[in-house]
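I've put the structures underneath this note.
Both complexes shown next keep chain A, but they swap its partner, so chain B is in the first and chain C is in the second.
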Partner chain A sequence: MAVCVAVIAKENYPLYIRSIPTENELKFHYMVHTSLDVVDEKISAMGKALVDQRELYLGLLYPTEDYKVYGYVTNSKVKFVMVVDSSNTALRDNEIRSMFRKLHNSYTDVMCNPFYNPGDRIQSRAFDSMVTSMMIQVC
Partner chain B sequence: MADAALFEFLHTEMVAELWAHHSDPGPGGQKMSLSVLEGMGFRVGQALGERLPQETLAFREEVDILKFLCKDLWVAVFQKQMDSLRTNHQGTYVLQDDSFPLLIRMASGLQYLEEAPKFLAFTCGLLRGTLCILGIKSLVTASVASLPTCKFQVVIQKT
Partner chain C sequence: MSPTQWDFPVELCCRPMAFVTLTGLDVVYNAVHRAVWDAFCANRRADRVPISFKVLPGDHEYPKCRPKRTSYEWYIPKGILKTGWMNKHLNLVPALVVVFYELDWDEPQWKEKQSECATRVEIVRQSLQGRNTKVAVVLIQKKTPLPPGEDVTASERAAALCNACELSGKSLFVLPHTDHLVGYIIRLENAFYEHAQTYYYTEIRRVKSHKEFLNKTTHQLLFVRHQFKIAFFSELKQDTQNALKNYRTAYNLVHELRAHETNILEIKTMAGFINYKASVTYPNPDPLETQTGVLDFYGQRSWRQGVLSFDLSDPEKEKVGILAIQLKERSVVHSEIIITLLSNAVAQFKKYKCPRMKSHLMVQMGEEYYYAKDYTKALKLLDYVMCDYRSEGWWTLLTSILTTALKCSYLMAQLKDYITYSLELLGRASTLKDDQKSRIEKNLINVLMNESPDPEPDCDVLAVKTAQKLWSDRVSLAGSGVFTIGVQDFVPFVQCKAKFHAPSFHVDVPVRFDIYLKADCPHPIRFSKLCVSFNNQEYNQFCVIEEATKASEVLENLTQGKMCLVPGKTRKFLFKFVAKTEDVGKKIEITSVDLVLGHETGRCVVLNWQGGGGDAASSQEALQASRSFKRRPKLPDNELHWDSIVIQASTMIISRVPNISVHLRHDPPALTNEMYCLVVTVESHEKTRIRDVKLTAGLKPGQDANLTQKTHVSLHGTELCDESYPALLTDIPVGDLHPGEQLEKMLYVRCGTVGSRMFLVYVSYLINTTIEDKEIVCKCHKDETVTIETVFPFDVAVKFVSTKFEHLERVYADIPFLLMTDLLSASPWALTIVSSELQLAPSMTPVDQLESQVDKVVLQTGESASECFCLRCPSVGNVEGGVATGHYIISWKRTSAMGNVPVISTAVTLPHVIVENIPLHVNADLPSFGRVRESLPVRYHLQNKTSLVQDVEISVEPSDAFMFSGLKQIRLRILPGTEQEMLYNFYPLMAGYQQLPSLNVNLLRFPHFTNQLLRRFIPTSIFVKPQGRLVDDTSIAAA
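Up next, the complex of A and B:
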């Protein structure tokens, strides 16, 4: 279960960022911001690799003592960043991948919505409820 | 499936409707209809550019993206592939379709040549929108020498 989910546009500003309500949400925003550097590094490393299968899922970006940060990038260079609680019984890679896949599908639906202008903040309730289903219940 | 026919009819009506509003078709009025059509195509292209590419990061170079347009995008929208893709290796690509589905029902030859450009505006926008969402700023224009063959010229804008 994620603790913070963020969708970052190609130009590196947030389209959507949501964390579980705690007293210090700013630290999650900061973590997401610092993880962007790691994402960029991974993307450029992938560009140089001659592997045929370059994946959208970037894997663990960096671990801190309490949290782990995972990344995913789409073909349109929109990034998804997810912060997960380390103490949580280790979430398997497959589960993280499937969470990202759900995020990607919901993001694609938001893009196809004619009332959404690409580049705006995401205000879709359907997207909100999908993210809620991925986040921990705090109370 | 009836999808192809439905899209063709919808497109024909879109062009007719946007053209009809300008009962006094001075050059300014015409340009606005074309840019509205192109703008519609642009937004649709952006959505398709998000939905169509497969799971892997397949676009290593610019020419890969152009090939995606010619194959996957064209097949998804028009149920056929583009017939030829040429480039001058300096940022200009010419995509040629020898039997463009939106023109094929109109004529085959030189009849209605003056009417053809407005039926290509939406598709130009479609190409520009998909390129934009995949990271390429471009300018797309279309030309018809004889129906139903048409050429789309894509000029990549280097910033």
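Up next, the complex of A and C:
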């Protein structure tokens, strides 16, 4: 389903990034990193007034030949970026949206862990397996 | 340069010209025809009409015209514009076909020739079936024609020929083969041009006529196609204005197209074409003669041509197709083009504020330069973007960039860069595997030992050869120096933290601090020197560890090698030094820590940490560590968790703790203006003699400035101090003190105003002490502050009363009154009034002696002392605000004060008094008491105080208690300044306090003079004693 899932801290450094092992990992890192430009722009375009009722899902950030990059930003400015194969036509906006929601829930669980120090890299088995399930489904 | 798919096709770029074909010319064998053709071709300058000519055989097959559609109802276009269309109209379908035929008007075999010509025209017409292409006939004649109208045969035969060929007269031309060939040709050309324009005009009309059959839903693409065609035909017609107009319309129509990922490239390409057409002002035809691909429609994918559905029918095919294109791309790797495109992209993303995209492209550019073997540029670009990735903490990406950069620096044998990148690739930010790290570390050690490193993997073989040569050159150039690398901008593999043991140190104890070092590389690494620099550089010499020095005392817990850092272990180095006494009160800061790897004699790297350590990543790490609640696993006693070490890069040097006591003895509160005595006792508890004891005492600085003016301090209590004395006495030398000795110093403070003041007593001294076998002279000081309240010693109340002790609002001129002073002690201590003095103003005169009545009186708290003076005030006329009375001066001291303590004089300004003149003063002479039935003589004196003669009416009203004799009612005159006596004899009838018969005086000139006023001067009652018993003492005895 997804070929790369990333969680980016408020300060824009990666908290978690995982891509399918068959592809060049570096490529996805670059892709996620460059997508932050669009995320930044979208966040700043939303303005401060509508912070409360704004939509967390940012939609398609940018398409490339092979992939589509989607973004999601939490209220605490933690960003989720998901890269999906562009040939995968089964994935519509709604599916992506629900995947992000799942990711957010799982991230919230990680944050609720009293032993997790916010800002550290995410090392959670539950989160890992959730991401794995999102990446496997179609492959 | 071969054209890529991104270049515009030739047919788009060339200048469209009307296409005219010439048939019937044998340019190879016939010299005449050759000359004609040359005249058409040669010298085609700008002044000639824009026509593109082509010689074709008479039986040439022109492209077949497709059967015309009658309805568009079921037609669905497969794309915007077919690839062949432009070429077709530029080079294949002519606007005009010219048939050349050799025929003179006087041709003997006219009939045969005429029908042959008609056949040729017919053949041309056949192959142009269905097209609107015009046909013209040119007769090549040997004779010069006669002027029109003169040759009758000519006009007859011409009409016949037109008839036979089904031509209009305008389409038949004559070309005499004479000297003026070029002139004729130009005239012909112009005629052809007109025909061509007519042709293109009809073509435009034809395309326009399709429009009404189209609908917006299915024929969106056709709108663009038709608009483009109209514009293109206009261009062929050389109608620039309409062409531009139509291209613009087409461009707008392109925008309305439904764009989807599958057709976005097609739309983009067409938009680009149209935009090009609309903006380029007709350039000369591109000389490149290349046919572009074999696509039917521009910008469509070859594996799904003409597919309009947005959903991809065959994703597998799509994937393969994309892969194929990418493969094709790979086979034409051309770094230069890529770099140019990338740099354009960088500029674009920079403009639209996408810093990360820009960085990514710059990385790609750098890598492309690396492939192109331009390592200098590659390194420059990579170095530029590294800090962006570093500051955002994308370590994977940073590692990848660093790896490429390391390769570049290796291939160029750039020592410093090579070392810097190695340092970071070995550090904790690097995501390299341990085996890679080991390899890099080994190389780094080699470089530091002045040897060549092993080549980096996956480098170009030839480049490696060159690099090896460069490196060996470097080696032979021995001693190529010391590289100082500031680490604050990157993440090296050695971390450093400096920590003073305390935020402040007393000057008599050594300053101690630790330097913690930790290596992150896979193997232990040796260093040759560790030194610390301070803001006061004199301490630098004490904080150096070198291989040569005996390091055992500063290194703790040595497992192996003194100067060796074991990966992952925190190593602590303790330093201590004795602070200079001049630095007391100053801050000592670590400005930098230098760690030397390699040997200073050969190659070495100096890692330089600014301040107390820390690099590009450590601040974020420290923040995370401080947030963490995680309990760290227990380590052996002398080991520390790196994260738990907090940098403390500065400390204060403070003076030695004093070992003396300072006591103050005094009796508060202070009284205003007195010499208030403060006894300071200093006692030394030091072990040795203290020297140069100095006392600073007085008003503590920093209080209200007015207090400084009104406070004076003196060491001598025997004399009063005045304004010239300071508020603070500084550095009074009091000599030396032996251990246990104590000294006392008296201090006198004079406070001129009431209120509370802070006083400071500051004792400083010098003492010799020894630390770390060094003798130093320490300056110690101790201070005490005390707050002292100042109060008035007494309150003075003054009042004016009449001689009858009645309160007076005002006094009357020349009439005596009393001044009463009342001194109420407010001091908690007993006061001795030494004396008092009344200093009268010149306007006042004493009635009797002004002797002090309170001399030597001692007043306890709350007691008061009063005095009374009888005064008179001569007439002064009307003075605004009253008349000054004078001063009351009290000389006093504390009763407890010693004899030599000066007496303080306090002057009280007496209030002003209002003086009023009265016209008549009356006073009475009468005994102090009366006795029943004994005559009581009373004499009233009436004094005229005016300069006028006064008429006075006097009457005495009878009283029950008295009988009296004298004038009961009288009217008399009193001359100015004189007085009149009235004598009465009162005879009291009752005992007790009795009302006298009241005297009423009425001044005729001064109606305001009332009896009320009069009563102030004369008594109104008298005490009458009962009749005495002395006379009839016997009768009582008898009774």
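Definition applied: the second predicted complex is superposed on the first by the 127 of 139 C-alpha atoms of A that agree within 3 Å, B and C clash if a C-alpha of one lies under 4 Å from a C-alpha of the other, contacts with A are read in each partner's own complex, and residues count from 1 in each chain.
As a convention for this text, contacts are C-beta pairs under 8 Å (C-beta built on N, C-alpha and C of every residue); 3 or more make two chains touch, one makes a residue touch a chain.
Just so we're clear, the structure is a prediction, and the values are computed from it rather than from any experiment.
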So if we stack both complexes on chain A, do chain B and chain C clash, or do they fit? fit
Touching A:Ser76, do we find chain B (first), chain C (second), both, or neither? first
Once chain A of both complexes is superposed, is A:Glu55 in touch with chain B (first), chain C (second), both, or neither? first
First, second, both or neither for A:Asn94, with chain B first and chain C second: neither
Where does A:Glu65 make contact in the superposed view: on chain B (first), on chain C (second), on both, or on neither? second
Touching A:Tyr13 in the superposition: chain B (first), chain C (second), both, neither? second
Per the contact definition in the header, classify A:Pro114: touching chain B only (first), chain C only (second), both, or neither. both
Would you please give the vertex angle at the Cα centre of chain A, with arms pointing to the Cα centres of chain B and chain C, as a multiple of 10°? 60
If we overlay the two complexes on their shared chain A, which of chain B and chain C does A:His29 touch? Say first, second, both or neither. second
Any idea whether chain B or chain C touches more of chain A? C
With the two structures placed on a shared chain A, what shortest C-alpha distance in Å links chain B and chain C? 9
Considering only the contact definition stated at the top, list the common interface residues of chain A for chain B and chain C. 114, 118
Spell out the residues on chain C that touch chain A in their complex, using ranges where they run on. 261, 311-312, 315, 318-319, 322, 349, 353-357, 360, 363, 389, 392-394, 396-397, 400, 620, 623-624, 627-630
Residues of chain B touching chain A in their complex? 43, 46-47, 49-51, 53, 55-60, 133-135
Under the stated contact criterion, what part of chain A meets chain B in this complex? 10, 46-47, 53-56, 73-77, 107-108, 111-112, 114, 118
Of all residues in chain A, those that touch chain C in their complex: 11-14, 17, 25-26, 29-30, 33-34, 36-38, 41, 63, 65-66, 86-87, 89, 114-115, 117-120
